[in-house]
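Residue numbering begins at 1 within each chain, and the chains themselves are lettered A, B and C in the order written.
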Amino acid sequence: MSFLSLTSLKKSFGPVQVVHDFNMDIEKGEFVSFLGPSGCGKTTVLRMIAGFETPTSGKIVINGRDQNSLKPNQRNIGMVFQAYALFPNMNVQDNVAFGLKVAGVDKSEIEARVKQMLGLIKLEHLADRFPYQLSGGQQQRVALARAIAVKPQVLLLDEPLSALDAKIRVSLREEIRQIQQQLGITTVFVTHDQEEALSISDRIVVMNAGRADQIGTPFEIYNTPSTRFVASFVGTLNIIEGKVTDPASGSVTIGNQQVALKDPIAGMKGGDSISLALRPEAGSIAEGAKGDTALAGEVVSTSFLGSVIRTRLRVGGDVISFDMFNNPGVTPPVSGDNVTLRFAAKDLLVIRE
Amino acid sequence: MKKIWAWGALLFSLLYFTLPLIGMTNFSLKMRRGEYSFDAYGKVFTDPRFQETFTYSVMQALFTIVFGVLLVVPTAYWVRLKLPRLRPVIEFITLLPLVIPAIVIVFGYIRLYNTSSWLPLTGTVTGTNILLMFGYATLALPYMYRAVDTGLRTIDVATLTEAAQSLGAGWATILAKIILPNVLVAVLSGAFLTFAIVIGEFTMAALLNRPAFGPYMQLLGANRAYEPAALAVIAFGITWGCLGLIQLVSRFQKSAPPKA
Amino acid sequence: MSSAKPDASPPARRLPLHWLGIVPFAAFVTLFLILPTMKIVVGAFQTPDGSFTLDNIRGLFTPSILAAYWISIKISIASALLGCLIGFAMASAIVFGGLPKGIRGPLLTFSGVASNFAGVPLAFAFLATLGPVGILTVFLRSNFGFDLRMLGFNLLSFWGLTITYLFFQIPLMILIITPALDGLKREWREAAEILGATGPQYWRMVAFPILLPSLLGTLALLFANAFGAVATAIALTGSSLSIVPILLFAQIRGDVLGNPHLGYALAFGMIVVTGIANAIYIWLRARSERWLK
């Protein structure tokens, strides 16, 4: 029996249904990310777990206990909000102590616990500061400490990093993950940043318009997306449109070029349209690059991203991009060049809607 | 359960606030025995003293508004542009009239500007009128200054000024053509509020012995039964009109495209 | 080459003339706000021929004048406290009470009107309602045999004035506190709730401390508002109720106290009272607002 289970969760606001039949089982100590575009219902699911929204139908069970009849303040859940929701009238210490205070914990115990928490987030030296005297990253760490000080059964984080700048976002997400593993706390993390989700989660739920499109480990989600939506949202996967020429041999026409897939194409006949996906890092245009499959194309643009150079290439009717590592010895292609992209046939995935 | 107390509060306030309004309206219509009539209003409107004092107060209000705008807009603008460090001080001073009772201020005027002083304003009718206008400007200062200062906050004073200067505009042009149009809604709000305050003001006018609408109302109240209620309805209508105009102009601003 | 060209030298310093821009304003407030007030303060400590004395102040400590101050202060405190309380209840009903959305706009507009509907006409409105032949008085008497007069109610009294003043005090509170309530973030409430706090705990530990500075400020403002109100009281009571502003009004008009400089002292006392009210406010605010910049 899983620790946190969501069963056929549905939510409508008036006539608009924003969550459709959401199912998910989360194990104790697991770190699960909800990944999806803005407005797809991530926050709504999270708020139902917290008890701020009542599900239209469906069940939420934590540790064997049905939560439907419980108010938020009875659920023992920790939550970190997107806009640092620290209490502005309390200093760092008092913010962290809040949950313990309302629970009636002994003063000495509160003190010890607060100290421990501040140690965990490495902010002991700022214990007496007020929120306005802290940077965004520091505030969010305090919010995290406040949420976990009460030893919640489940920790919910709603885009806790999206208001921070890029560098802090990376360091803080690692800190969150490390603290989560150290405490073994069951965590649901909401984000619309695929890199964030991929880098810290045990499992990812990719959400699309109120539904869970795919649930899997970061590795599965990235390498074997099961829907076109997942493919395009996770990773910057290239979608290439083609036409099936011979399903049995797996051959496909892209523009006026022929490629052969690794496997036969089941359930399609000659002349059908087909969507294929190619990861940006799967191909290369270097001289003598390996790969049993090739596509010729015209360079549209190149952008230099530091360690990686991203080139956009027109192939048939699509523009696809691929990445190569920066190499000072090799001049990147310029737009207008005609090049050949080589890759392994197994990297060309068939996407079904 | 939550809703019950909210509705309770609403019901209470509805009762408390509408009863006096109903009371005065009802009373104002009862001059003729046994039936409702507008007699009280007719009496009031045809009273030459009403026309006199009302005109006097309207004129006072208009002069106060003009003076207040000329005083406050350049000052608030200048403080924002060049003396931002003085803002808290200025703000504090402009709030003083809310704390020092008007009766104390006007008492000071009487003693400071009497016939034997260095500036004998109360010695002449014109002088007293001007003094009263200054007094009203003082009373309106907190509202006027706040309105204008809030209006200025929403525009980038420094950039607008620089842009105008680079096109060769002088200070007067900048204020009249650039700043004023941009804070027009704020200025109008302040102006209507000033009007509402001045039109019925009693203390200052009475103690400076000017024939204003406020003292007239008080006098009538001491001697008549139904006319005062009619006056109260009229005064309430004026206040409502002023506040309604404020709403109207601020709504107009929200819907109008922002001027650069 | 290192020698500087002549025109590269720093530009000649211009005299700081920025302050000239506020000279008109400074002159105005000095002449018509500061100096008149100072005149009162100084006059309170002067004999008619200009020498220093404490006699005027001492003259305030007669039973009738003290009683006038006391009832003024009582009315001001009562109407400020009640205004705050009721105004707060109504503002929270608007903001959190789940009332229909359409009510908010009209209610705030009405508050704007009512908070400015003071002075003489307000007294008339209440006379027409709670006065001897007021609509409510008559209604209660003829329908319920309930005589407000017999029960000791009188508009020209502590409670009468307090109830009347509430007509502008409550709306003023609503106007000031509604934006403050709007400023309470939903996340604060939810954060408190998810940490296990009950509704009252949230109010006591989070919302109330955050609102306290605005509450105190409004309280001080309402106090001064009631304390300085002359017109309503005069129109309501003539001069039969001896509160400080009425006493001062009569003194300025006709030296009823028989000592011109006692008027200064009376006015000075009013400044002191509102001054103390504001000093308390500033002190409490400083204590309650350490968490603000």
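We adopt the following convention: contacts are C-beta pairs under 8 Å (C-beta built on N, C-alpha and C of every residue); 3 or more make two chains touch, one makes a residue touch a chain.
Quick caveat: nothing in here was measured; it's all calculated off a predicted structure.
Interchain contacts link the chains end to end along an open line, per the touch definition above. Of all chains present, the one whose mean CA position sits nearest the global mean of protein CA atoms is C. Inter-chain centre distance (chain B to chain C, centres taken as mean C-alpha positions): 17 Å. Chain centres here are Cα means. That of chain A falls 58 Å from that of chain B.
Listing the residues of chain B that touch chain C in their complex gives 2-3, 5-7, 9-10, 12-13, 16-17, 19-24, 26-28, 71-72, 74-75, 78-79, 82-83, 86, 90, 93, 96-112, 134-135, 137-138, 141, 193, 196-197, 200-203, 206-207, 214, 217-218, 221-222, 228-229, 231-232, 235-236, 239-240, 242-244, 246-247.
Against chain C, in their complex, chain A makes its touches with residues 50-52, 71-79, 81, 83, 85-91, 98-99, 101-103, 130-132, 143, 146-147, 150.
Interface residues of chain C facing chain B in the complex, by the touch rule stated above, are 18-19, 21-22, 24-25, 28-29, 31-33, 35-40, 43, 86, 89-90, 92-93, 96-99, 103, 109-110, 112-114, 116-117, 119-130, 134-136, 166-167, 170, 221, 224-225, 227-228, 230-231, 234-235, 238, 245, 248-249, 252-253, 263-264, 267, 270-271, 274-275, 278. Contacts from chain C toward chain A in the complex involve residues 185, 187-188, 190-198, 201, 205-206, 209-210, 290-293.
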